[in-house]
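Both complexes shown next keep chain A, but they swap its partner, so chain B is in the first and chain C is in the second.
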Partner chain A sequence: MGTPTIIIAVVALLAVPVLAPTYIVHIATFVAIYTLPVIGLGFVSGFTNRISLAQGAIFGIGAYVTGLLTTKFGWSPATAFVPSVAGAVVVATALGAPAMRLAGLYFVMATIAIHQIVWTVLMNWIDVTSGPQGVRSIPSLSIGSISLDTPERYYYAALAFALTSLVLAYRIVSSRLGLHLRALSDDELAASMSGVPIFRAKVVALALSAAWAGTGGFLYAHYMRFIHPEMFTLEPSILFLTMAMFGGYRSLIGMVIATAVLESATEYLRPFGEFRMIAYGLILLFGMMFFPKGILTLVPDVRGWMARLLSAGARS
Partner chain B sequence: MLAQILVGGVATGCIYAIVGLGFTLVYRSMRMVNFAQGQIFMAGTFLGLVIADHFKLPAVPLILVVGAAAFVIGLIVEKLIFRRLYHNHEVFVVGSIGLGIVLTNAIRIFFPEPVPFPKVFGTGIVTFGGAFFQISYVWVVGLTVLLVLGLHVLFAYTKIGRGLRAVAADTEMAGAVGVDVRKSIAQTFGLSFAVAAIAGVLIGPLYFVSFDMGDMIGLKAFSAAVFGGINSIPGTIMGGVIIGLLENLAGGYVSSSYKDLVAFVILLLTLLVRPNGLLGSETPVKV
Partner chain C sequence: MLRVDNVSLSFRGVRALDGIDLSVGRDEIVGIIGPNGSGKSTLFNVISGVYRADAGDVFLDGQSIKGLGPSEIVGRGLARTFQNKRLFGSISVLENVMVAAFRHQTGSAFADVFGLASGWQGARGSEQVARECLELVGLAEAADIVARDLPFGAQNRLEIARALAAKPKLLLLDEPAAGLNPAERKDISALVETVFARGVSILLVEHDVRLVTGLCSRVIALDHGEKIADGAPANVVADRRVQEAYFGSEEGSDADTAA
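What follows is the complex of A and B.
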């Protein structure tokens, strides 16, 4: 992407709250928030070939740490940011690092166990997490004396976080660590023979993925102002995984687009109640049945199809 | 107290074992995990409910009819859906999760509230070693034993079973020596649907049935299958019963709120320490 494209994209993103109705801004805020855990998943899935179903739980830890610190201990959201990211990283590495030795389906199984363990603790450790009551009246983010309590204002905060995280992710992927990770994803054995510290690289990828998820959870908690264990079931994990998968893990922009498309699609289906979930399930099922390599594989097809059409038109 | 806990644990464990068998059967043949198994179990329970309400069948014919119907549905679903998901395990994982979401919410439209299941096993109370429990528990345990014996006979002495075992051992070789691999895989799914639906009829009379009952039981049954060895049928049965017992013991003596943690801690520890499970034999890819 050239510089002009980036400038146009950023200007368009900045203009959303000015031009669009609140409901669209609300959805756009969610897209910006979800971009973080999805990019995070890209570190683990794109570079170590391990798909995780625990991302929703790690996202939940980020949300719970800040939610509890700001409501029960009176911390300000700004000071709760670092503990919230750190909490996500510590839990993910403590439970997940040993599991990074497992590959393929066995890793998926381990992340399901991790997910359920975190969820059960959130639900049942009532003294700390308030369990099924959830955490209420979480303060919104604020800059100086301006509270970001409208979707329009919060959108800019979420967008700033999303864009910063995107730039950071680009920097990491093109750094030495990124090189190690790419080598690792092509062939673990060959990478280890070439002197890549595989296990360390894998654990760093996991920690990065958790840091991104924790930041997403932090933003989510201060936007929703209310969190509950039911928000962090396997469902968001599946959603994040699908977004990353449809976007094709290694393409940061692909993942952002997939997040935007899937989030708005499922949001527009909301009035249909149960039918919304059926449609969502069908999107997953048909997506996998007919486009096993990701929805974005359609794009070159469209291009090829257009080219054929044009050349056919030229011949006649 | 202890006897009560043990009896309850064995009965719950039997349900985990049977639902877990669904995961094991598919995994043995396909090296894939069907994450819709819990929801298939739930849908099977409702299939049992509808059949029991319409035809007022006694317990044994009901189980046979529901099992047969689920087997046929399994064959059809394999042909229409699963067959298109065999690319790799990621596709299968997400696709089967999608199918699970569709099943849950489709049933939810018809049965939004929990409903009672007809008491097909009667309402008697049995005493055993100082513990009182419903007669249904005896049926659950007894029928689990019968089902396992039935599966053993099927796998050991019938042509279909030999085909299934051959495919599970080595798909390519099985095809080379004349086993119809496609048909065997379809039958595997049929069988996994049938055992899930039978588990549904067994657990139905014990509790109310609801559209979300498959989520937790499915994941715990999956833990049981991995713990016992996801490619081993005896392992899965053992894993189910052990997890059922431990869970009930933890619920009785430690804390009822952390009861649900038992299965998942066991799952994680199994994967880290002995990924092929208690009785499994395959070596997973480790780097």
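What follows is the complex of A and C.
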């Protein structure tokens, strides 16, 4: 993407709360928040070829750490940010690093188990987490004396986090670590024979993934102002996975676009009520069938069709 | 440089390597020949840390490297190529080589991500090393091609460039001339000599006996996981057991046709 495209995109994103109704801004805020766990998933799925269904739980840990610190211990959200991210990273690494030795379906099963562990703790360790009562009255984020308690204001905070995380992820993917990860996802044996410490690189990918998810959870908690274990079931995990897969795990922009398309689709699919997840299933299925490498692979396809049509037209 | 000491390895009771001894001195190109299934690749995998020997030991510069993983063994100064071309298909030719060149890059990963000077300079240093290696194997022009689009004949040379980027003292080449036409074989031979002239010792597995005898100062022959000959190329090729291993027990075949 050229600089002009980036400037236009950023200006358009900044203009959303000015031009769009609150309801749309609300959805846009969710898109910005979900971008984080989805990009995080890209580190694991894009580079270690492993599919995680625990991202929703790690997202939940980010949310719970800040939720509990700010309500029970009176911390300010700003001070709770680092513990929130660190909590997600520590739990994900402690539970996930052993699972990294597994591959394929076995890894997926392990992440489901990790998800269940986290969910069970959130639900049943009532003294700490308040269990099924959830955590109420979480303060909103604020800058100085301005509370970001409207969707319009919060949107800017979420957008700032999302854009920063996108730039950081881009820097990581194009750095030495990113190249190590791309090499090992192509051929683990050749990568280790080129001096890439395979296991450590995978664990770092996992930790990065958790840091992004934890940040997303932090933003989610302060936007929702109320969290409950039922918000962090397998459903958000599947949602994040769908988004990452649809975008193409290795394409940061693809994942962001997919998050936007699918998150607003959840709104369009609301009339389907409880069949919403079936519609999601169909999207997942067709996505796998037609764009296994993500929606951005459509772009060259469409260009190819156009070129072929034009040349066919020119010949006749 | 390298000493393999009485190494044995079995797979589910099948003895793949049986008490192999061999050594590669500094400034030596040693070739390993043997029919298919004689244990050449298995031996390479044991030396490079992909497999762990059941018995025996492997020493590099006098230190045991048995039980170390491949990435640690590369760190000790041993690099290898693969017979079946294990390139990183989705990244560019230059990046393939840079992955291995990073081994010598100092500075933390954080410096890279946050664009600090040390990260930036380090990356430029690695790129420089990678470009030199590509130059050496004659792939400088192809630096920006995605590796999977590289023609077959060039893939061997990229494997060699990638191995060289790790700056090894000893290079293991697993059939570098497999599947190449005669002109390309000649190029690979010349390349191996160039690399050797730069002070890298070489251990080479190759089916092409003519190429092995042309390049190597010493040749080792394997059959059924055992070493059956070790010595000057002409003597090893003429050895009766080697002849039998390749051609059965009939006498009088010309070893040069063994390719």
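The definition used in the following text is that the second predicted complex is superposed on the first by the 297 of 316 C-alpha atoms of A that agree within 3 Å, B and C clash if a C-alpha of one lies under 4 Å from a C-alpha of the other, contacts with A are read in each partner's own complex, and residues count from 1 in each chain.
Heads up, the rule we're going with is that a residue touches a chain if its C-beta (ideal position, glycine included) is under 8 Å from a C-beta of that chain, and two chains touch if they have at least 3 such contacts.
The shown structure was predicted, so the numbers you read here are calculated from the model rather than taken from an experiment.
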Check your understanding: When the two structures are overlaid on chain A, which partner does A:Thr242 contact: first (chain B), second (chain C), both, or neither?
Key -> first
Practice item. Go through the superposed model and pick first if A:Arg171 touches only chain B, second if only chain C, both, or neither. Key: second
Check your understanding: Which touches a greater number of chain A residues, chain B or chain C?
Key -> B
Check your understanding: With the two structures laid over each other on chain A, which partner does A:Val65 touch: chain B (first), chain C (second), both, or neither?
Key -> neither
Practice item. Please indicate which partner A:Ala211 is in contact with in the superposed arrangement: first for chain B, second for chain C, both, or neither. Key: neither
Review point. Which partner does A:Leu179 contact after superposing on A: first (chain B), second (chain C), both, neither?
Key: second
Exercise for review: With the two complexes superposed on chain A, say which partner A:Ile198 touches: chain B (first), chain C (second), both, or neither.
Suggested key: both
Practice item. Would you sort A:Pro292 into first (chain B), second (chain C), both or neither based on which partner it touches? Key: first
Practice item. Please indicate which partner A:Ala190 is in contact with in the superposed arrangement: first for chain B, second for chain C, both, or neither. Key: second
**Study point:** Touching both chain B and chain C, residues of chain A
**Key:** 189, 198
**Study point:** chain A to chain C touching residues, read off their complex
**Key:** 168, 171-172, 175-177, 179-180, 182-183, 185-187, 189-198
Review point. Touching chain A in the complex: which residues of chain C?
Key: 48, 50, 69-71, 74-75, 79-80, 82, 86-91, 95-96, 98-100, 102-103, 105, 109, 112-115, 119, 122-123, 126, 162, 165-166
Point to revise | In the complex, chain A residues that touch chain B | key: 51, 95, 98-99, 101-106, 108-110, 112-114, 116-117, 120-121, 124, 126, 188-189, 198, 238, 241-242, 245, 274-275, 277-278, 280-290, 292
Review point. Can you list the residues on chain B that touch chain A in the complex?
Key: 31-33, 81, 84-85, 87-95, 97-106, 108-109, 219, 222-223, 226, 257-258, 260-261, 263-265, 267-268, 271-272, 275, 284-287
